[in-house]
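Below: one structure in structure tokens.
Letters A, B and C mark the chains in the order given here, with residues in each chain numbered from 1 onward.
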Amino acid sequence: MRARLERLGFIPPLVVVFTLLLLPVVIVVVTSLTTQQSPAIPYDGLTLEWYVELTQDRQIVSAIQTSVVVGVFASVLAGIMGTVTAFGLVRSEIRFKESLATVMLLPIMISPVIIGIAILRFGSSIGVPTGYPMIILAHSVLTFPFVFLIVRARLLTFDARLEDASRTLGANGLETAFNVTLPIVAPSIVAGMLLAFVISFGEFTATQFLTGVGTDTVPIYIYTQIQTGLSPVISALATALVALMIVTSYLGDRIT
Amino acid sequence: MRTVKISDSFLPSSVRKRVTPRTLVGIGVLWLTLCFIVPIVFLLYESLNFGEGHLLANYEQALAWTYINVLGRTFVYALVTTILTLILGYLTAYYIAFKSSRPMVLLALVLLPLWVAIIIRFFGVRLFFLQSGPVQQLFGTDFGILFSRNGVVLGLISALLPFAVLPMYNSLRAIDDDLINASRTLGAGQFQTLRSVILPLSFSGIVAATLFVFILAAGSYLAPSIMGGPANNMMANIIADTQSYSIPLASAMAVVFTGLLLILVGLFNHFANVSEVLGDL
Amino acid sequence: MLEVTGLTKTYGSLLAVDDLSFKLEQGEFATLLGPSGCGKSTTLHAIAGLREATAGTVYLRGEDVTDVPTNERNIGFVFQHSALFPHMTAKENITYGLKMQEFTGRDHDEQAEHFLEMVELGDHGDHKPTELSGGQQRRLSLARALAYEPDILLLDEPLTGLDRVLRETMRNEIKKIQREVDVTTLHVTHDQAEALSMSDRVIVMNDGQKEQEGPAKELYRNPQTEFVAEFVGKSTKFTGTAASPSAGGDGDGQVVAANATAVNVGDLQIHAAAAGGAADERLSLYVRPEEIDVHETPGGGDAVNSFSATVNHIEYLGHRNEIEATLEDGTNVTAYGDAAVDVEIGDEVTIQFDPEDVIVL
């Protein structure tokens, strides 16, 4: 009885928390089905016309293409650099190891507005064009810490005896790396890259400074639309994005 | 499972010897320096005034009353968000860790929004309170949420809750159940146990949550820009606006703001290792 | 087959292995025995090439392999807690070694099957290591290390983490398989029972140095150092100094332990430190528990080395009892009492042992 009462006491804050967490996503999905001309709750019937419109809007299709290209390149770059750095830091005996690990996390700590402006200014000064090159570089910097953290966490629990075992069984360093270490660490690397892809796909703040002609990403497009006037197409686009990201996260979960 | 055989001569021994963990760290540091640290330092350079007047003239401007005001607002918003998020987050983490019969489902629901782009979640919050949204339809008012301080804080809480719940849940989960049982058998009541056993043992999670939420809230651009009005602009918005007409001034503000945040993180690092704390994510 | 000379390993200022030398003959099963931190594991890793030695030479098959990388040494190594590859099946774990060592004696598949059978895992070839029980994992680890027919098998505390019953069965299995494939084996453990029961020869290590080596029986019967006497098997210890013949009451040698228990050690003439004897050499005497008789009648006796003691602990082992008793001078005595000896804690008893059964160091 007492235990049940205690659990009841948790209900109000839990309702608040899960409302705050989930309702924004739910309402985006729901309003994408409205028959009205603005994203409203569909009281009177459902329609998929906004999804049809989605595929016909050239700006949207182009934004999706841009986001996919950026996401793929940025997550691969972040994946490589994050993995290399995590391996190096975990396996080497250097001074200030912990401080260096903290420095690797600075891209999370500094506001993306500042990172965006910094990359824009420095990039322009050395001749890097805006658009793909700058967006990809910025996104790889912003997502690098996540890959680094995930791979590092895996390596810290990696049993180094497995590599010793491989050596005693006759494998040289490269064979050990490819047959033992990488297969065991790979799921974490892939999970880190998927997370990087998802973050890149949703990044707005730094990206707004770096787009060039014809390289608006999906979040940039959504932001412009939110500011200028609302169409349920935005809800449909957002819903499609949510679906894509959840599928990605599910894939990530399956792998790890 | 396919295994590969690679001859030792595949890589010349000079290369093999040179690829040590140190080299790898070097590659990572070099890359991060070029793509991130140098650009940030470049901003520092751009914030200096090499023309007429004082070298730090831009800083005099950046520290003018209007901007100090925004800086203060930024930290107040971030602080309020952090406190509220921490309270709600701790209750949620505690419930999931100790009381729930389906902890994994609840945890998945907490993490799910992390996979949804933050702009979409703000968009959702805004839709909720918009003229056509359910709140106004039902109550005829948005309760002063939209385009206000409350809206910004609400948006931030909604966006940052997962970052609070996750580390605190991890640290609560790591507490040995027998420690809690021991406290109970030693005669401590539920509240006493919470205060003298559970809270101290979940301290690292609370520290991590505080750090995450505060840093992300303070640096947020989208929450004020989508949920707030012009009077609710935070540092990120002001810097972005200024950037369009005065790079030096925007740089100076960025330097001041980042400097302050890093000092805070440094203070934090003093009694909790940041890289370890962030590893909880 | 294996020879180690002058092996030394330092970690910073810490001397882990100090000028260690020993030799193993073809087919021999030897054990490095010592407490944790004595350098035995470091020695094994240096032999495998997994850790570089600071100084010294390792010979395998008569060749100097000190600078040969691990993967070219043709050794079999069984790790603590198995170190099986979690992403490979049981069989793949075995074929991995065959492939990497470029084993040519037989088809890899057949050889793997053969070794799976040998360790009674014939039906488990497709299982992942996590699906195997603790004992099965250890057996697979052994099969993996032996399948490519290495010249030497190195066992690094292979039974760590198993429960006592399983450890005892595994000891016998390892020994049986080792005999079957007739491979020279160097085993490392801190468990003296394991060392004594499995090995042809035991090398006792302490503080990075070799204390003594020899067959198990000899270490037990004739320990050469106090460390070996105390580390290998149980015993009752007396300390004191030698007495001159005249000082002793019975004419024969005796030692006077801390509070004046005179121990007769036969030919040796020993006297107590407390009595301020002329001889200044401090001695330690050890008596093994099975050499001590326990009599229910109290008050000592006329026989030589017969003392009165109070029982303070009894452990019932079934066929016999392990009895701990305290002498009047406070010395703790451990003895095996026949199951028929009926004593209880607090009883006054008489303990007795023969002078020739005393080990003097």
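By definition in this document, contacts are C-beta pairs under 8 Å (C-beta built on N, C-alpha and C of every residue); 3 or more make two chains touch, one makes a residue touch a chain.
Please read all numbers here as calculations on a predicted model, not as lab measurements.
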TODO: Could you compare the number of C-beta pairs in contact for A-B with that for A-C and name the larger?
DONE: A-B
TODO: Compare the CA centroid of subunit B with every other chain's and tell me the farthest one.
DONE: C
Open item on the list: Counting only Cα atoms for the centres, state how far subunit A is from subunit C in Å.
Closed with: 56
- [ ] Let me have the rounded angstrom distance from the C-alpha centre of subunit A over to the C-alpha centre of subunit B, please.
- [x] 15
TODO: For subunit C, jot down the residues that touch at least 2 other chains.
DONE: 87, 96, 100, 102
Open item on the list: Residues of subunit A that contact two or more other chains, please.
Closed with: 172, 175, 179, 183
TODO: Would you mind listing the residues of subunit B that make contact with two or more other chains?
DONE: 1, 3, 5
Open item on the list: So in the complex, the part of subunit B that touches subunit C is made up of which residues?
Closed with: 1, 3, 5
Open item on the list: If we count contacts the way the header does, which residues on subunit A are in touch with subunit B in the complex?
Closed with: 6-7, 10, 13-14, 16-18, 20-28, 31, 36, 38-41, 81, 84-85, 87-92, 94, 98, 100-115, 117-119, 121-123, 125, 137, 140-141, 144-146, 149, 152-153, 172-175, 178-179, 183, 198, 201-205, 208-209, 218-219, 222-223, 226, 230, 234-235, 238, 241-242, 245-246, 248-249
Task: subunit C residues touching subunit A - in the complex, by the definition given at the top - done: 48-50, 69-77, 79-81, 83-87, 96-97, 100-102, 144-145, 148, 154
TODO: Would you tell me which residues of subunit B are touching subunit A in their complex?
DONE: 1, 3-6, 8, 10-11, 16, 20-29, 31-32, 35-40, 42-43, 46, 87-89, 91-92, 95, 99, 109-110, 112-113, 115-128, 130, 132-134, 137, 154, 157-158, 161-162, 165, 190, 215, 218-222, 226, 235-237, 239-240, 243, 247, 250-251, 254, 257-258, 261-262, 265, 269, 273-276, 278-279, 281
Task: subunit C-facing residues of subunit A, complex - done: 159, 161-162, 164-172, 175, 179-180, 183-184
